[in-house]
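Presented below are the structures under discussion, each in the form of structure tokens.
One chain, chain A, links the two complexes that follow: it is found with chain B in the first and with chain C in the second.
The block that comes next holds the complex of A and B.
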């Protein structure tokens, strides 16, 4: 465990090496937040209620999208794994006493923890300026459900991201194409732009058969108490099912990939 | 003329490189197309639940969104090389560009045109033409102004990219800067008027992204006055000139790191 803790610490230090880059990264996140926030604020000027959401509910959703994006979707592993397989750099890890999947997971966690710390401060400052009315859950059941959903979503996104990039074992040149496709699906179908329950019920039901809504929408729906009781348990079970399935697929692909890996570029 | 020939050579090489892997081209195109289509679906649902968005009808909002995509794709088609600039800066590889008998800005700004965006441009132009003819009032003057203002948008986009390159030389940070530009332009997938203050003011007057993305569509729809058209051209020319001055300043500070 100690070696992974060292990886965590080194990753934190790495984030601060290019400070201008770090500041720009924070500005970028705030801009993304502003985009969605002011879009919905504009819509609520001429409408009191949109798709069953009033203004506090929707603005809480927007704040939570920012936090979820920060925590779940921020992943340096996404930018590196495909390239490391393609150019043979992964060989360096294979000869070391570290698990490749664990190594990048720890690096992702380091990035996420740093990101979330800054995001909370930034959101607090934004809240002080804009003073929007937000909904904070008080029931322990909702908080427990939310925390569980967030943990599942974090692991699920990491595994999905690895799974797509492991295609590099077979066709290194196609990795970016598939990663881009995953990005598009996550961007639009995870609930980052709009709450998914505004879609017609058949699309909403269909999306539950994909892993995307479990990444952003359902954790926020639990937080905003749109989902509670037995439905909450059902959603948590479904997301666990997806996690187990993607975990198994990732491990299987990793093992098969290592069999065909020939250390190109080395 | 020499510059044009060299640019064509760069573009030809870049297209050939990208077309080596046909499956990747297809997957990328599919992804780009899906991104546009899914947002259009979202707009469709949004209009089912609301009477109006600001002062705009459903068709006008869709036209704004399609115009955003057209301008964004045009900028990416020409200026894709900017996304690869950081590697050149931190490795000292820019040295090899500087010693060649060609303005280095042409190489780092225009040296890697993206063939995928050329395909998207063709698809988007077709969609916009068909959509406009079917749903909007198309006039000769509106269309001409639309095309002229899109040319101005390209000039503004060039200015933004040159600013990013210049800051890249000074700070070695390009990736997040270009992402900020992309994020800010994507705020204008919907008309700038739909944002509340201070964002609307910021996007129109401080950063001229409103001029770049929203003005051409407004001119097409006949809701842009002549003062705004002249103002946008003035802004485009001044921004482009200032970006060139900034580039000339920045390139003199290049420290040739790692070389």
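The block that comes next holds the complex of A and C.
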């Protein structure tokens, strides 16, 4: 296990090399957040209730999506997996006693942990300036449920994004565009743009039979106390079920991919 | 006494490749109707390599050298055949096997570009679970041999190609592998750096009794390092044996290389072909290829009836011998 801890440490060092890049990335995230925030704040000037959400509920959602985007809906390092398969760089890992999927997971976690620290500080500053009314959960049960849901969602998104990038084993030429497109879909269906229950109810119902709402929508719903008690437990069990299933699919695809892998680039 | 470390029996690797006609029209056509055909990258190759051997793998581009090395490293699954390296089947990728071998590809890098090479070494130390004391020892040994002690803490991107290759080599050897596959380790290096690299490989081979397979386009690498060579072309093995043997077997010609005083007239040029094959004629330089047993006689004749200022009798270059093997002389 110690080897993965070293991967974590080296990844952090690597993040620090690109200071300007990192700051620009933070600014980009903050701009995106402000756009969505002011859009919803504007809508609530003339409306008290939109799609069944009042202002504090919606603004809390927007704040939380900002955090979830950093923590869950991003693959800052493992973005490279498709490219590495395509150009053969993955060979470097395959000859070593190191798990490729674990390796990139740790590298993502390293990058995400750094980003989340900054995101929390940024949100706190924004909150100080704008002083919006937010919903903060109080019961330890809710907080525990939320943290569990977030951990599951983080793993789930990682596996899903790997699964998408493994397409490169079969079509090494053009995976970037395809995986980008697929992941935008995933982000939207996960509730990363707007809360899913503002969609027509048949779509919302349908989405519950997919793994996507477990990524962002349900964790935030738990945080804002829309889901509690037995329903909370049911949601956590279902997301665990998805995690196990997607894990198995990813492993299977990985093994099949390695058989067709041709170690390009000489 | 000799134990075979690498054993390859009837190894074949076929690829399915689709053919695209040139141009955009061809691209569009290939979207709908793809013609596939099998490329035999490696076809029924067998060999055994013993502990401590340093074997040169030679062949033109696309001969199947790299494919063979990739299969031996466990990167590729073979289409047919059996492979055993250190008693393991490579493509099962067992950690016990991976801890004992290394693959170095001259054009691939594993070092972290933005960090000093030392960080990559430390990461490899953890990945290969090398004890700290042994790591320090190996590192100081390798960096002494390669003369890079001062560069360990310099960002990799700021190193020259030669320095980087040395670091790559250290990263690959930090776990003291018993089996080493070197794919073009001297590619792109200048003459001095090539020499350094060769000396190092030789020293490593002797010191650690390491079994090494080396591919290279530079015949100097092979000549200096390898006692035994395996020649493959178009996926099949053409020759497997001592380097000396191939020179004896195929170098049945010698080269007469001359510097002329005067340009040859037409009659003299015509007459040359009766003496031997003209390899090169660019006044004042003339190189003739003549059968080994005739070389003295022909040389005497040339000195007598041609305006020769200087004449040397030389062995064919290894490059030429190998080329002859490739162009279809019967080898078996």
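Just so it is clear, the second predicted complex is superposed on the first by the 262 of 266 C-alpha atoms of A that agree within 3 Å, B and C clash if a C-alpha of one lies under 4 Å from a C-alpha of the other, contacts with A are read in each partner's own complex, and residues count from 1 in each chain.
The rule we apply is simple: a contact is a pair of C-beta atoms (placed from the backbone, for glycine too) under 8 Å apart; a residue touches a chain by one contact, two chains touch by 3 or more.
All values reported here derive from a predicted model rather than from experimental measurement.
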Combined model on chain A: chain C and chain B, fit or clash: fit
Superposition-derived comparison: chain B or chain C, residues of chain A touched: B
Contacts of A:177 with chain B and chain C, given as first, second, both or neither: first
Touched partner set for A:141, first chain B, second chain C, both or neither: neither
First, second, both or neither for A:187, with chain B first and chain C second: first
Touching partner for A:18 - first (chain B), second (chain C), both, neither: both
Touched partner set for A:205, first chain B, second chain C, both or neither: neither
First, second, both or neither for A:32, with chain B first and chain C second: first
Partner chain in contact with A:6 - chain B first, chain C second, else both or neither: second
Shortest CA-CA distance between chain B and chain C [superposed frame, angstrom]: 5
Those residues of chain A which chain B touches in one complex and chain C touches in the other: 18
Chain B residues touching chain A - in the complex, by the definition given at the top: 20-21, 23-28, 30-32, 34-35, 38-39, 42, 45-46, 49-54, 171-173, 175-177, 179-180, 183-184, 186-187, 190, 194-196, 199
Chain C residues touching chain A - in the complex, by the definition given at the top: 15, 66, 70, 73-77, 93, 95, 98-99, 101-103, 105, 107-110, 112, 114-115, 119-120, 122-124, 126-129, 183-184
Residues of chain A that touch chain C when the two form their complex: 2-3, 5-7, 10, 13-14, 17-18, 88-89, 91-92, 94-98, 258-259, 261-263, 265-266
Touching residues on chain A, where the partner in the complex is chain B: 18, 20-21, 24-25, 27-28, 31-32, 34-35, 38-39, 41-43, 45-47, 50-51, 171, 173-174, 176-178, 180-181, 183-185, 187-189, 193-194, 198-200
